[in-house]
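In the two complexes that follow, subunit A is the common piece, with subunit B as its partner first and subunit C second.
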Partner chain A sequence: MAEHGRYLFAIGRGIDGETVASTTGLRTAPLALVEHRGLQAVVCDVDLADFGEEALVRNLEDLRWLEEVARGHDHVVRTVGAEATIAPMRLVTILSGDASVRDRIEELHDELVDVLDRVDGRREWSVKAYAVPGREEPGPMSPRGTGSGSGAAYLQRKKEQAARRRTASERAVQVADEVHAHLAQHAVAGRRLQPQDPKLTGRTEPMILNGAYLVDVEHGEAFAAAVAEIDGRTIDATIEAQGPWPPYSFAVLE
Partner chain B sequence: MTEVQTTARAQSDLSGAEQISLVDLLDRLLGTGVVLSGDIVISLAGVDLVQVRLHALICTIREDMAPPGGWTSRD
Partner chain C sequence: MTQSRQPVTSRPYSHAPEYASGGPAPDSLADILERVLDKGIVIAGDIRVNLLDIELLTIKIRLLVVSVDKAEEMGIDWWRNDPMLNTSAQELNEENRQLRQRIEELESGSGSSGGGSGG
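Take a look at the complex of A and B:
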């Protein structure tokens, strides 16, 4: 007989029961709301043969499995969060049953309320800055004419290249700091995530800033305009905004 | 160049917002998000989810460059 756990997507308030009833959870399992002390948890059943401890260790390594669950999680968070205030849970937060869900809400009630107050009426914007390729390449070169084949000239060129790389990387840190500080002024809160590896972005330019910004819903367009503005006047980097997203980066319990 | 996709509707309705790339999504769903601990029946003892994420993604990208017959064990 299949053993089930309760997969917890998010905890929130003002979640519409009809939206929940008309949305499916993972693997077509129906969504349900568990209510406790004015808060609502969005849950669905999952088979522990797939989501149990041993299975998870294996399944989390399977990109297709991981993507399906992550997309399903995101879909539920977006759908129920469209007109409500929600704190999304981390992926694969699984509890034994509804009583356990209520216990968690009871235990974390005040912190959850603080999180919900923080993200109420706000959305997350992602801003990534990439160093403009080639900008570190040109620069003053030693005259190559005479003696360019000599050991001394070779070492000199190597030294200059190293110095330019150092300057470029110092400049990248400075640009990232400036962009983040500027955008944080246009947002309620800002966080810096780990810049993504070029293997994951598929871009050759190094990512120098992977920022997340919490912005009032009504200020979304102004924030996007601020990103466009700083992109326009920053010659050392390409700066791109995406959003609005659910406030994933700002739902952490302190 | 700045790519911003936004409409008045998308700002108030998350279901209408643009799709998040898988890497961005996992950055957030594994790296942050509300973490509930306690008597969660699934304790991922000894497994660092962030490491799992990068491992899985990098394996896949490498797999794309290698002959098929790979690392996944789909049933």
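Take a look at the complex of A and C:
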């Protein structure tokens, strides 16, 4: 007999039962809705042999396992969140059964309603800006051969290089601030996340801005246009938008 | 108003905005993990996952992974094969090991190796 838990993807309202019925959860388990006091929890069964405490500690270190669960989680959250107001849960939130799901909704009911009110009719966009390499100005060349020997000239060049690097990184900070401030004006809320490491982005240009923006559904196109516009007039950075998706970064309990 | 249709870029699984020329690739694993691992509402589950383990995992992933395929392309496959085969993974594993050890020390209150000997 396999023991099961209930994997909780999201809590929301206005979630369409047909969408849930036609979407699969993790490992082809059917999705279900657990309803309580006007809120709906999107859940599916998971086998505790894989999702129990000890198994999770082991499995979360397995990148393929993690990727499958993460993509499955994201797929469900996006599908049910496309037409409804939802607050996504953190990955691997697992309860013992539907009664326990209802208990949690009961405990957090008012906070959850506040969260859903804040994100109602809004979606999240991600905007990442990457510094364009080699844009920094060459800087004044030091006069060569003026007196002092090659050692001094070498030190002088080193100093200039360091100064240029400093200028470039100051400029990157400035560009990131400007882009974020500009896009925040087109959004209900904006958050700056930690820029991703180049080893992680797989790109050589450093990421200078990793922003998340909460945007009214009907302003989505205008927001995308604002990103394209600021990308077009910013020569020091490449600015890319992704989205929209459910408000992962803005559905947080106070 | 929630009834209005989504903007054109929101077709399910159309990750690349249409206005972007030579647009970005579909969501990388890093992007997905950033969303689902680091975000979302935290409630106490009945299955308790040690957050410290997840933090370490996050450190690892933040540093390393683009996607499984991409990582394999780059020759990073420590999660499947011998980690000793890959230098950067080896360094990272070592770093992780040290972090774990340090956390264990701190947790057991035995971080008493003479305090700040930073130099």
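As a working rule, the second predicted complex is superposed on the first by the 245 of 254 C-alpha atoms of A that agree within 3 Å, B and C clash if a C-alpha of one lies under 4 Å from a C-alpha of the other, contacts with A are read in each partner's own complex, and residues count from 1 in each chain.
Everything below uses one rule, namely that a contact is a pair of C-beta atoms (placed from the backbone, for glycine too) under 8 Å apart; a residue touches a chain by one contact, two chains touch by 3 or more.
As the structure is a prediction and not an experimental result, all values here were calculated from the model.
Trainee: Just from the overlay, do subunit B and subunit C fit on subunit A, or is there a clash?
Mentor: On the superposed model, which is not a single observed complex, subunit B and subunit C clash.
Trainee: Touching A:Arg102, do we find subunit B (first), subunit C (second), both, or neither?
Mentor: After superposition on chain A, A:Arg102 lies in contact with neither partner.
Trainee: With the two structures laid over each other on chain A, which partner does A:Phe51 touch: subunit B (first), subunit C (second), both, or neither?
Mentor: A:Phe51 sits against subunit B and subunit C alike.
Trainee: Mind working out whether A:Ile94 is in touch with subunit B, subunit C, both or neither, as first, second, both or neither?
Mentor: both
Trainee: Regarding the shared-chain residue A:Asp120, is it in contact with subunit B (first), subunit C (second), both, or neither?
Mentor: Once the two structures are laid over each other on A, A:Asp120 reaches subunit C alone.
Trainee: Is A:Arg164 touching the first partner subunit B, the second partner subunit C, both, or neither of them?
Mentor: The answer is neither, since A:Arg164 touches no partner chain.
Trainee: Looking at A:Val252 after the superposition, I want to know if it touches subunit B, subunit C, both of them or none. Which is it: first, second, both, neither?
Mentor: After superposing on A, A:Val252 lies in contact with both subunit B and subunit C.
Trainee: By the touch definition at the top of the document, which applies to A:Glu67: first (subunit B), second (subunit C), both, or neither?
Mentor: Both partners.
Trainee: Just subunit B (first), just subunit C (second), both, or neither: which does A:Gly81 touch?
Mentor: Touch status of A:Gly81: first partner only.
Trainee: Based on the A-chain superposition described above, do subunit B and subunit C contact any of the same residues on subunit A, and if so which?
Mentor: Residues 5, 8, 11, 48, 51-53, 56-57, 60-64, 66-67, 70-71, 73-74, 77-79, 82, 87-96, 100, 104, 108, 112, 115, 123, 126, 193-194, 196-197, 199-201, 217-218, 220-221, 224, 227-228, 240-245, 248-249, 251-253 of subunit A touch both subunit B and subunit C.
Trainee: Under the touch definition given earlier, write down the residues of subunit B that touch subunit A in their complex.
Mentor: It comes out as residues 1-6, 8, 10-18, 20, 22-36, 38-45, 47, 49, 52-61, 71-74.
Trainee: Going by the contact rule at the top, pick out the subunit A residues touching subunit B in the complex.
Mentor: 5, 8, 11, 48, 51-53, 56-58, 60-67, 70-71, 73-74, 77-79, 81-83, 87-96, 100, 103-104, 107-108, 112, 115, 123, 126, 193-194, 196-197, 199-201, 210, 212, 217-218, 220-221, 224, 227-228, 231-232, 238-246, 248-249, 251-253
Trainee: Mind pulling up the subunit C residues that touch subunit A in the complex?
Mentor: 1-2, 4, 6-10, 12-13, 15-17, 19-20, 23-24, 27-37, 39-50, 53-54, 57, 61-68, 70-71, 74, 79-80, 88
Trainee: Quick check: in the complex, which residue numbers of subunit A touch subunit C?
Mentor: Residues of subunit A touching subunit C: 5, 8, 11, 14, 48, 51-53, 56-57, 60-64, 66-67, 70-71, 73-74, 77-79, 82, 85, 87-96, 100, 104, 108, 112, 115, 120-121, 123, 126, 193-194, 196-197, 199-202, 217-218, 220-221, 224-225, 227-228, 240-245, 248-249, 251-253.
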